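Letters A, B, C, D and E name the chains as they come in the text, with residue numbers starting at 1 for each one.
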Amino acid sequence: MAALSHREGAGDPPAPSRVLTRREVWLRQQRRRAALIAASSMTAVLLAVVLIVPRTPGWPTVKKTFFNGARFRQDFPDLLGYLWTDVKLFLTCVPFILIWGVALAMMRNIRNPALFPLRAFAAAYTDLFRGIPVILTIYLVGFGIPALGLKGEFHLLWFGGRWNSAYLWGPVALILAYSAYVAEVFRSGIEGIHESQRAGARSLGLTQTQTMRHVVLPQAARRVVPPLMNDMLSLQKDVALLSLLGVYELFRRAQVIKDRTFNYTPYVVAAVIFLILTIPETRLVDWYSARHRRRTGGSQVA
Amino acid sequence: MAALSHREGAGDPPAPSRVLTRREVWLRQQRRRAALIAASSMTAVLLAVVLIVPRTPGWPTVKKTFFNGARFRQDFPDLLGYLWTDVKLFLTCVPFILIWGVALAMMRNIRNPALFPLRAFAAAYTDLFRGIPVILTIYLVGFGIPALGLKGEFHLLWFGGRWNSAYLWGPVALILAYSAYVAEVFRSGIEGIHESQRAGARSLGLTQTQTMRHVVLPQAARRVVPPLMNDMLSLQKDVALLSLLGVYELFRRAQVIKDRTFNYTPYVVAAVIFLILTIPETRLVDWYSARHRRRTGGSQVA
Amino acid sequence: MNGATPKVEIRNLRKSFGTKAHRRTVLHDICLDIGEHEVVCLIGASGSGKSTMLRCINMLEPVDDGEIWLHGTGGAVDLAEPGLDPDPIRRRIGMVFQSYNLFPHMSVLRNITLAPMKVLGRSAGDAKATAMHLLQRLGLADKADAYPDQLSGGQQQRVAIVRALAMQPELMLLDEITAALDPVLVGEVLNVVREMRNDGMTMVLATHEMGFAREIADLVCFLQDGVILESAPPAQLFTEPQHAETRDFLARVIASGRL
Amino acid sequence: MNGATPKVEIRNLRKSFGTKAHRRTVLHDICLDIGEHEVVCLIGASGSGKSTMLRCINMLEPVDDGEIWLHGTGGAVDLAEPGLDPDPIRRRIGMVFQSYNLFPHMSVLRNITLAPMKVLGRSAGDAKATAMHLLQRLGLADKADAYPDQLSGGQQQRVAIVRALAMQPELMLLDEITAALDPVLVGEVLNVVREMRNDGMTMVLATHEMGFAREIADLVCFLQDGVILESAPPAQLFTEPQHAETRDFLARVIASGRL
Amino acid sequence: GDDESTTTTQAPATDAPSTDAPSTDAPSGDAAACAEGKTLEAGMLTIATGDPAYPPYVIDDDPASGQGFEAALAMAVAAQMGFEGDAVSWVRTGFDEAIAPGEKTFDFNLQQYSINAERQQVVTFSDPYYSAPQAAIASADSTLQISTIADLKSLNIGVAAGTTSIDLVENVIQPDSQVQIFNSNADANAALVNGQIDILVVDLPTALYLSAAEFDNAKVIGQFPASAGSEAEPWGMLFAKDNPLVECVNMALANLTASGELATITDTWMGEYTEAPEISMG
């Protein structure tokens, strides 16, 4: 049998303007095909929607009550004016939720048998606050605690007021509830890191905390980005629940307009505003994760 | 220097009634200490609550409106009677959500460049339905689609009725929304499985589907149990949102009682019922995951 | 030695890693014929591209350019052809990875029987019997119900070998399959490889154990920086290397007492 | 050879795995003295307990019973004492794992400099200089910015070695550190190990390379089924083994051409 | 979470005539002197209503204008207590904000809250100022022929949350399929238009308002007779529990009754909202 071996230079051959390889040609074809499929299926779906929906008997009503152009133009700037309240509430809650959530996740991961009570506490906490509907937590904390008749003032970032303010207990309720969800997300991430990573870190003399901070959590956090985004997106919308406590925000505003006009267009407007807010977020996070994976990862199986 | 080696039998020494080793003594001590800490901290917290809370000026009111014994006894069986509606709705949605969620997650994981449109579709879908508040999805689907004026009947498990029924479009709205969340949870699980696992499976001749089914998904599913439970618990409570469409279920019932009596005890009852339902679930799932980890895992780092 | 008909013909294989901006070619225009029922050993420094070459043959890495013809029942296919369905090919090719790639959620037995059952359609009983026989042979019968994370390094490696063997492929790609094994087991694996060859299997091995290569190979290829510098039967390559670089490598191997 | 003062004294070490119902003891009443500045090699069949023993010395596995005395600045500590804080101990002990355990989210350089910076408080510049020097020495300078998953097996193993070396521990535990290396690199690692010993480090190596053990060890321990059957300087153990089992193992090693 | 009702609360069914004055023997006196120093903010009366507030109770969702039954009544009461013009401030509350225990953001709240014993344990009500019968509406193109309550039994019936219409449906009509409760009149109306419910039960003034030209998609089927009134629960103004201001408001109401001003306001705003065919008990 024959065995051949060529050597055309040890370094990389310079290739300023070369003929495409078979693979490159194929990749181009595939991309073109993909574009074609995408375009044609999009067109088909759009056509179907555009042709069928207006033929349904109720379309004029739906158009008037859900996709009312005049209302849209009027409500969009109106509702936008209330967005800042949601954003402020959201931004107030997020850091507390993340910190407390990570802390709870780490408590559940404690292995020292003497610290079992901490672990049990964290488990009980997550069970409790995931078990109770968020809305009930908001009711119980947001109406129950102020009803105790506390006196005084509070100041928290951009919010301030009396001790029974909805701007205090509302965020507290959300933090209590969402930290339980976020804790479980982080726990799944932490438990997903192979034990050998801990062994590697601890063998180098890193303490338990350093191991968490530099080795386990960074890997865990990256893995749980999608479910964490789930919770952040839910939170962004659940701040609207604080309207129960009297916070007047975007969603409440939409509701008021709807109840006044019997027209659902403000809800569509609210949905559009939320989408304008969230889609760039999710795209950015996705892009960032994909880039990190590409940079640090090995080869992908074809 | 000296080196010693004893051999006291190649097999395991039988140890029917032996003296405790140092480690066993220590473990016992630690457990006793843990129990002590747990007991004392619990007592301290309980004492604090029991002593402080009743001294607040508003406690009598809070007790009467949130923790009203007479109402509790009356509302508990009443509300329990409405639980079955929630459970039915939940059980109807879950299989669809899981199947559609996994399917979406797998679409996002497609690597064939020609199938890029599917991937883009799945990404757009999750972006859309995570971006819109669930409640808006329910409004838009639950009131919007029936408004198109469809005629006919439907039958789905235990539900049946007219084509504009809340029992049809309500679950559809929840499935649309929650499958987006669940898809992202599964995606994080799938992406967390190291590429070498795929390589191992594909090299054995397993197809893409078989690799997913037997190698990737089982590992992914186990890792994402906590965030998946998050979503299942949220769903269990969000079926209450279908009351917006007129479904008369537990939470709505609690509201009706509250609205009639201005007393929040029915909400506390609802919370208790949800906890009775969910805590055994979470404990069971946790126990099962821990057992699996113990059975298949290597040693844990001390 | 034998094998006038080639099993695999590699022609001008080129493979690179990295992004457009930072591209590093790790296999340069590799040409190699692997005869039917032959054992070909790839030797060379760490990082010279041995594993990458095996992965390319198994279609696990898309190649940049070149051809890899696999001959067998039903004619020849070019594994480097983009868009080729890999599944029917891969069931004819077995692979043992340098990092084992066992499935941690399955017991040893299930790791081994999964593919025979799902891909070849073997019955559970059949698959188990084959698996237990092979496990027995490599001294692992008592670990059938253990999980990969509960095994020692050498035990994991043996499970990986058994998993690939259980598929009874035409062509076997073996990446450093003796690295974690004790010398006694290395001898046993050597025997297994010999038997497989006699049963008609073709094999490509990447190995650092020159002794192993010398004993078993029909052809030894010396890789350096992604280039096959020299390939010859072991008797020739180890005693009269043609290339200055090969001589140098072997000299340093001998100097460090490893040949 | 030398080392009248022991660095590590292992007394009646016992270690088992599994649940109460399915308990398997993998180390039986191990007794061993490791002299200061000595190199002790653990040899034995795959699964005999070498890695487990190293992990016990590094407090990564809780031991069932026995004592492991570590001598050094500030007296002796018993590593087997339950509840002992492992952190100050572990920074005195380095370990290279059989499976490397590199951190996949960090570049090679960061893998190496993390512990010197966080544990020893080295400056970034210092840590980087040490790391680059060691990487250079093992032929990896151009991989400093790569990530573990982008490295070949042997490259990963070298990074693991460098990571442990960069901590300059008193005691080094090395688990099969040459398994994935080519013979030339094995020679280089041998040199590094020799230098480290001359610099005063104590080392325990688990290895399957008898040649390696013979060249470098002050003491070779032969493990079988979790028992140290025999321990002696290599000259003695490899030529006049006392135990029938040792003789048998060595005979089979020789028969398979691996000594 | 649930999207809690923020709607106006509807009135209970009752056969009490709309002219029924507060049945109180509270002494008429100087309500202004009484209110001195008892309001949330000195010199200022804070009145709450729903968001939005519907006609005929508040016209154009603008209570400060004093247009609409409750708006006009509240302004008259305020005037009695010495608060005129800028001294009256209107706020909006959701249902829960209004009823939750603890401090309130208003002196009193009126949005058709019906008085019952249980509620009175948590909040304090003024003397009643009105009560309205319940009525049923159907979508404009409905062909339903309803003459007796028995005709309703087989229908899908909807109500709005926070109303006592629920009691009427559950206790008197007792329909075959479960009552459907919606968060607001708007949602219930949408369900009615979609055919998800056949009829909607609300208080008669609201029913007449909903069937008015503005939305043009509902018509009144009929009002329920007095004998169907599950419990006659007239409407009162809502105060924080044991708020001393209630005395003064009651005093003002008594004065307004005595002077006939209450009857005038009622006639002005509610006069055209009392006419509808009656559904017989069958």
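In the analysis below, contacts are C-beta pairs under 8 Å (C-beta built on N, C-alpha and C of every residue); 3 or more make two chains touch, one makes a residue touch a chain.
Note that the coordinates shown come from a computational prediction; the quantities given were computed from them, not determined experimentally.
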| item | value |
| --- | --- |
| Neighbouring chains common to subunit D and subunit E, by label | A, B |
| Chain of greatest Cα-centre distance to subunit C | E |
| Comparison of B-C and B-E by number of C-beta pairs in contact, larger one | B-E |
| Averaged-CA centre spacing for the pair subunit D and subunit B, given as whole angstrom | 44 |
| Centre-of-Cα separation between subunit E and subunit C, whole angstrom | 83 |
| Mean-CA-position distance for subunit B and subunit A (Å) | 17 |
| Between subunit E and subunit A, distance of the C-alpha-averaged centres to the nearest whole Å | 42 |
| Multi-chain contact residues (two or more partners), subunit C | 17, 55, 60, 86, 99, 149-150 |
| In subunit A, residues with contacts to at least two other chains | 27, 30, 58, 61, 65, 133-135, 139, 143, 146-147, 149, 195-196, 199, 202, 264, 297-299, 301-302 |
| Subunit E residues counted as touching two or more neighbouring chains | 1-4, 100-102, 190, 193-194 |
| Each pair of chains that touches, named by its two labels | A-B, A-C, A-D, A-E, B-C, B-D, B-E, C-D |
| Of subunit B, residues touching subunit E in the complex | 58, 61-62, 64-65, 135, 143, 146-147, 149, 162, 164-166, 237-238, 240-241, 243-248, 251-252, 255-256, 259-264 |
| Contact set on subunit B toward subunit C in their complex | 196-197, 199-208, 210, 214-215, 218-219, 222, 295-298 |
| List of subunit E residues in touch with subunit B within their complex | 1-5, 9, 95, 99-102, 116, 118-119, 121-123, 158, 161-164, 166-167, 178-183, 187, 190-191, 193-197, 241 |
| Footprint of subunit D on subunit C - complex, ascending | 17, 43-47, 50-52, 98-99, 139, 150-155, 158, 175-176, 179-188, 190, 208, 210-211, 215, 249, 252-253, 255-259 |
| In the complex with subunit A, residue positions of subunit E that touch it | 1-4, 6-7, 51-52, 61, 93-94, 96-97, 100-103, 105, 184-186, 189-190, 193-194, 215 |
